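To keep things simple, chains are lettered A, B and C as they appear, and every chain counts its residues starting from 1.
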Amino acid sequence: MTDASTNMRLKLPITCFILEIIIIILFGVLVQYDEGTDAKLWHDRNHSSHSDYDNDFYYRYPSFQDVHVMIFIGFGFLMTFLQRYGFSSVGFNFLIAAFALQWATLMQGFFHGMHGGKIHIGVESMINADFCTGSVLISFGAVLGKTSPVQLLLMAIFEVTLFAVNEFIVLSVLGAKDAGGSMTIHTFGAYFGLIVARVLYRPNLDKSKHRNSSVYHSDLFAMIGTLYLWMFWPSFNSAITAHGDDQHRTAMNTYYSLAACTLSSYAMSALTAHDGKLDMVHIQNAALAGGVAAGTAGEMMLTPFGSMIVGFVAGIISVLGFKYLSPVLESKLKIQDTCGVHNLHGMPGILGAIVGAIVAALATADVYGEGLTDVFPDVASGEISASDQGVRQIISLAVTLGIALLGGLIVGFILKLPIFGAPPDTICFEDSIYWECHRWQPSRSE
Amino acid sequence: MTDASTNMRLKLPITCFILEIIIIILFGVLVQYDEGTDAKLWHDRNHSSHSDYDNDFYYRYPSFQDVHVMIFIGFGFLMTFLQRYGFSSVGFNFLIAAFALQWATLMQGFFHGMHGGKIHIGVESMINADFCTGSVLISFGAVLGKTSPVQLLLMAIFEVTLFAVNEFIVLSVLGAKDAGGSMTIHTFGAYFGLIVARVLYRPNLDKSKHRNSSVYHSDLFAMIGTLYLWMFWPSFNSAITAHGDDQHRTAMNTYYSLAACTLSSYAMSALTAHDGKLDMVHIQNAALAGGVAAGTAGEMMLTPFGSMIVGFVAGIISVLGFKYLSPVLESKLKIQDTCGVHNLHGMPGILGAIVGAIVAALATADVYGEGLTDVFPDVASGEISASDQGVRQIISLAVTLGIALLGGLIVGFILKLPIFGAPPDTICFEDSIYWECHRWQPSRSE
Amino acid sequence: MTDASTNMRLKLPITCFILEIIIIILFGVLVQYDEGTDAKLWHDRNHSSHSDYDNDFYYRYPSFQDVHVMIFIGFGFLMTFLQRYGFSSVGFNFLIAAFALQWATLMQGFFHGMHGGKIHIGVESMINADFCTGSVLISFGAVLGKTSPVQLLLMAIFEVTLFAVNEFIVLSVLGAKDAGGSMTIHTFGAYFGLIVARVLYRPNLDKSKHRNSSVYHSDLFAMIGTLYLWMFWPSFNSAITAHGDDQHRTAMNTYYSLAACTLSSYAMSALTAHDGKLDMVHIQNAALAGGVAAGTAGEMMLTPFGSMIVGFVAGIISVLGFKYLSPVLESKLKIQDTCGVHNLHGMPGILGAIVGAIVAALATADVYGEGLTDVFPDVASGEISASDQGVRQIISLAVTLGIALLGGLIVGFILKLPIFGAPPDTICFEDSIYWECHRWQPSRSE
């Protein structure tokens, strides 16, 4: 089932070794422990009087681990729904995530973590690196089944870099807020991936369509991914917000947004089926849209009431997208979006960005009190008005979309070069092209 | 495989939309951030002098996340043991849990969280909502495979409401202690569900009996649920106990109770099989009884020694229940208990309540020191004696059983109305009645 | 499929009951709550002025839960790769872990936790008990599929005891550092298990070779185990290091070691396959070697740069071991290492020990500052030099290897006694010999 062009014996090892060696050298030259991880700095009594219990490890690491589970188990298993692509779904997710988090440490550090020519790292940079990785995995969902691991690693290099640029512009230059990444992670990752998928359009993909579907057990494996994403999304959105009420509020808003989203997803799934039967695709994906849509406004005084409305709408939009929009995207716009990332991350991401802009524009000192400084520092200092903050948010959405679309276009054409071992149209969505499959029995479907 | 009566195309969306819209309106009117989640209240320097690190988020949220995993992965996958009901097990668990946690926030808030006409919420109310949800999922286990999602949502509405009433009576009126919910969660959920199952008795259920069993992979999926429940049960029992030694002690007692329970479950499973072979049903369920049975006394000075004895006995009782009592319940009392919740939650719950009463009655200031105030405040203040506390515990068990049985009876008859789309006797334990099953192959058993 | 000799009806219950009753009696006589879990001691205002928030529960318990998941889900599911041994992999892992953590509490308490004739326990002892259990589960991997549960429980009794002896010598007598257990856990567990496997050598094991392989879904189940081990390894290595920068740094070093290891594992897996296809065995195992190899030096000032080099090398060694060394071990040394623990825990453990010795020998007050006291107290106090510490580390490795090899030899011969129900050569790697398998269909391979 393998021909020479898809043989990874040299391509993959060379790519991995070169990338890892470059990363190790750059870490050796550029990266240092930050104050919380360095033995000498932390214990320097002249400059600090903290207790060991004040180390940020205790206030961020549990959130980090939840995010980590979402990246490796959540994204990995969510994509195992394909009947014969489970090894690649979990395995390539693992590979590109392990690469991307290292590369993201460097790129994000380069853009906003330099201290005297060195990148300082600790638990907060680890969370940010995992966040950036999440964006790459969203794009992976759009091209799932149609790309080689070498293509995916290349995509990760460019996407991580552009992610760091966009994040720097949005958060540092424009001063927007986006703690859970409705814009920087979800919108960026989705539209980047969709454009890559567009450039890699395969007119004859229906030659592999018998594999582009789920079987009973593969849908159960995918539910492991769904549930871990769903359960830990409150940790994701709150992982890098300010300490105290901010983290607490963000987690709770996300919790209620997801709960409301789940009910509207189930309702819409039954309503849009002619026989009223629930569709696993909707449950696995749309029920998560509430987490995406609460990614920007979650840290604001959105209230549980507002969170539920956002989640409720996100679930409806997402199911409608799967049902009616995805087929159009494929037939008219030639975007073959394997996992439907447009419905889970694209539209809900934009919704989240808009909600964030509105809630920001409505912020008042009366509602936030002294807490306004944590959420909107420039508004609290009187530098800008709340409606200015809302404008910043909308501009950030536009910038994010622009960088994602332009970046995805260029990267798509790079990946299209016929030297990276992409599978032929007849053997897409198929593990055995890249994996040793013991006792392979192609006649058995499950 | 669907006839008109089980078609969910209108029933399920209407139910979900009405419920969610009512919830959203009630949240808009009644629910507010508590002091730990509100930006203004938390930062109000006139009334507090805390650091952001003192926010209860940091002392409850990791426990909350463990409980959350138990509710969605633990209960959901535990029930996937049925060969053709995995989608429904995980999927309906997901749906009713997402609904119940919202409804529970309102009901529990109404009974014991009102502040000036408003319900104040934060991480502690989130844990309590998940706890209440757990009770509904226990009842779900008794009726698994024989009920439509609309019936399950209706059951959840009533059960959550009655749970909140019972919890209020037991904890606030009677002043009993039940941190891990041996009574309020497990005994309540089990007997409520068993009576519902009794009312919904199907004399011809054996028409579906070929589906009412496991296959190899479904038992492995179920072990995911079992192990997550087992591992995180220490977090469950300790999630809302007092800070400090109380949480620490509760977690450790539960850890040892579960370990001892596992050994006695394996022993009894082999001992009660004529050929000495272990039965997955026992391992998946009985090994958890130690967590249930430590739910009341876990926060007390039960000692690891006492915890192990409790767990050891719970495992034995539970396996004996599966082996000898469940068949009798079905044949004589006409209770078709799909998951055997009587053996995992019912009897171990009562055992836990009795152990709690005994340990409470034996409490002395000599053993608890100043810590008596955290565990038994009324005993510490001299208002009542330790043996009075023991009596309170036993009365609470009786009240819990009474409300569960009476409530289950009424709710069972409501669910029996032939308008909620229950499956016919011939198509119980079957996903394809409510789910789109891609590439369905009924001739293949796995 | 069962004959009298493998019938567990009396053997297993008797073993479990005797062991559990002995444990309960010893707990009753010897074990007490420590200061953090005892109501009276914690609240004793004469001797302490701490807040409830200072309880070590909040600074260790999240790490404990991550370790707990590694022990029960991680190890359990990692071994489900065998096509017909999933029940036993997860189920015997569960049984022997539940036993070993109780026994370890006693043995470790006996050697280094006695206070006035009593063993004091709390969250730190729980972590240590789980660590010791991990060592037993590593050995389980070497003999997987070829041993009865009674043999495994016997092995656990002896191995836990010897583990506690070795740990006492290495950490308390020799004063070596080994927070993540490269030596005490991984090297010890691996070589102990390998020698047991050597003594239990079965010349006719190829009669069961058709079951000694994976199928598609069993490899996906195994990936659940792999990923949980991978994600939570940073928590494992940092779980019992000193508070503050030490835990923070250890977690981060491990994170980068694992990421680098993943890339080199994928590279080597493709490079060593004649058709360039990735092998699930390598991905499931070698990608974890970076965690093992960072187990000693992780808490030191290894730097992320150094951690990546260590992980990178560990992944290469591990894949080479699976590919070229394991077949030689089996054919020449007659060691049938079912899971390849030599490649995942043995060689990477020795690598980790050597790296630890080198990094210790290079420690300077200039690099560690005041933090030197936490990492190398005897160097900080001037009692020994850094190079002395390096020598201590190497001696500890030698002692660990010696006790593991000698202990494994003796225990292997004990387990070889023909009274413990070991499976015959023709029915190894087969669940149905010890488990009730509903609707068994031996003709179907999956």
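Basically, contacts are C-beta pairs under 8 Å (C-beta built on N, C-alpha and C of every residue); 3 or more make two chains touch, one makes a residue touch a chain.
These are the chains along with the protein names UniProt gives them: A, B, C = Ammonium transporter Rh type B.
As the structure is a computational prediction, the values presented were derived from the model and not from experiment.
For the copy pair subunit A and subunit B, the superposing rotation over Cα atoms measures out at 120 degrees to the nearest 5. Two copies of one chain, subunit A and subunit C, form a contact in which under half of the residue numbers belong to both partners.
Once the centre of each chain is set as its mean CA position, subunit A and subunit C turn out to be 33 Å apart. Looking at subunit B, residues 58, 62, 217, 224, 446 sit in touch with two or more other chains. Of all residues in subunit B, those touching subunit A in their complex are 2, 7-13, 16-17, 19-20, 23-24, 27-28, 31-33, 36-45, 51-53, 55-58, 61-62, 65, 68-69, 72-73, 76-77, 80, 86-87, 90-91, 94-95, 98-99, 101-102, 121-123, 126, 149, 217, 221, 224, 432, 434-439, 441, 444, 446.
Note for the complex: subunit C touches subunit A at residues 54, 58-59, 62, 66, 213-217, 219-220, 223-224, 227-228, 230-232, 235, 242-249, 251-252, 255-256, 258-260, 262-264, 266-268, 270-271, 273-280, 283, 287, 301, 303-305, 308-309, 312, 366-372, 374-375, 445-446.
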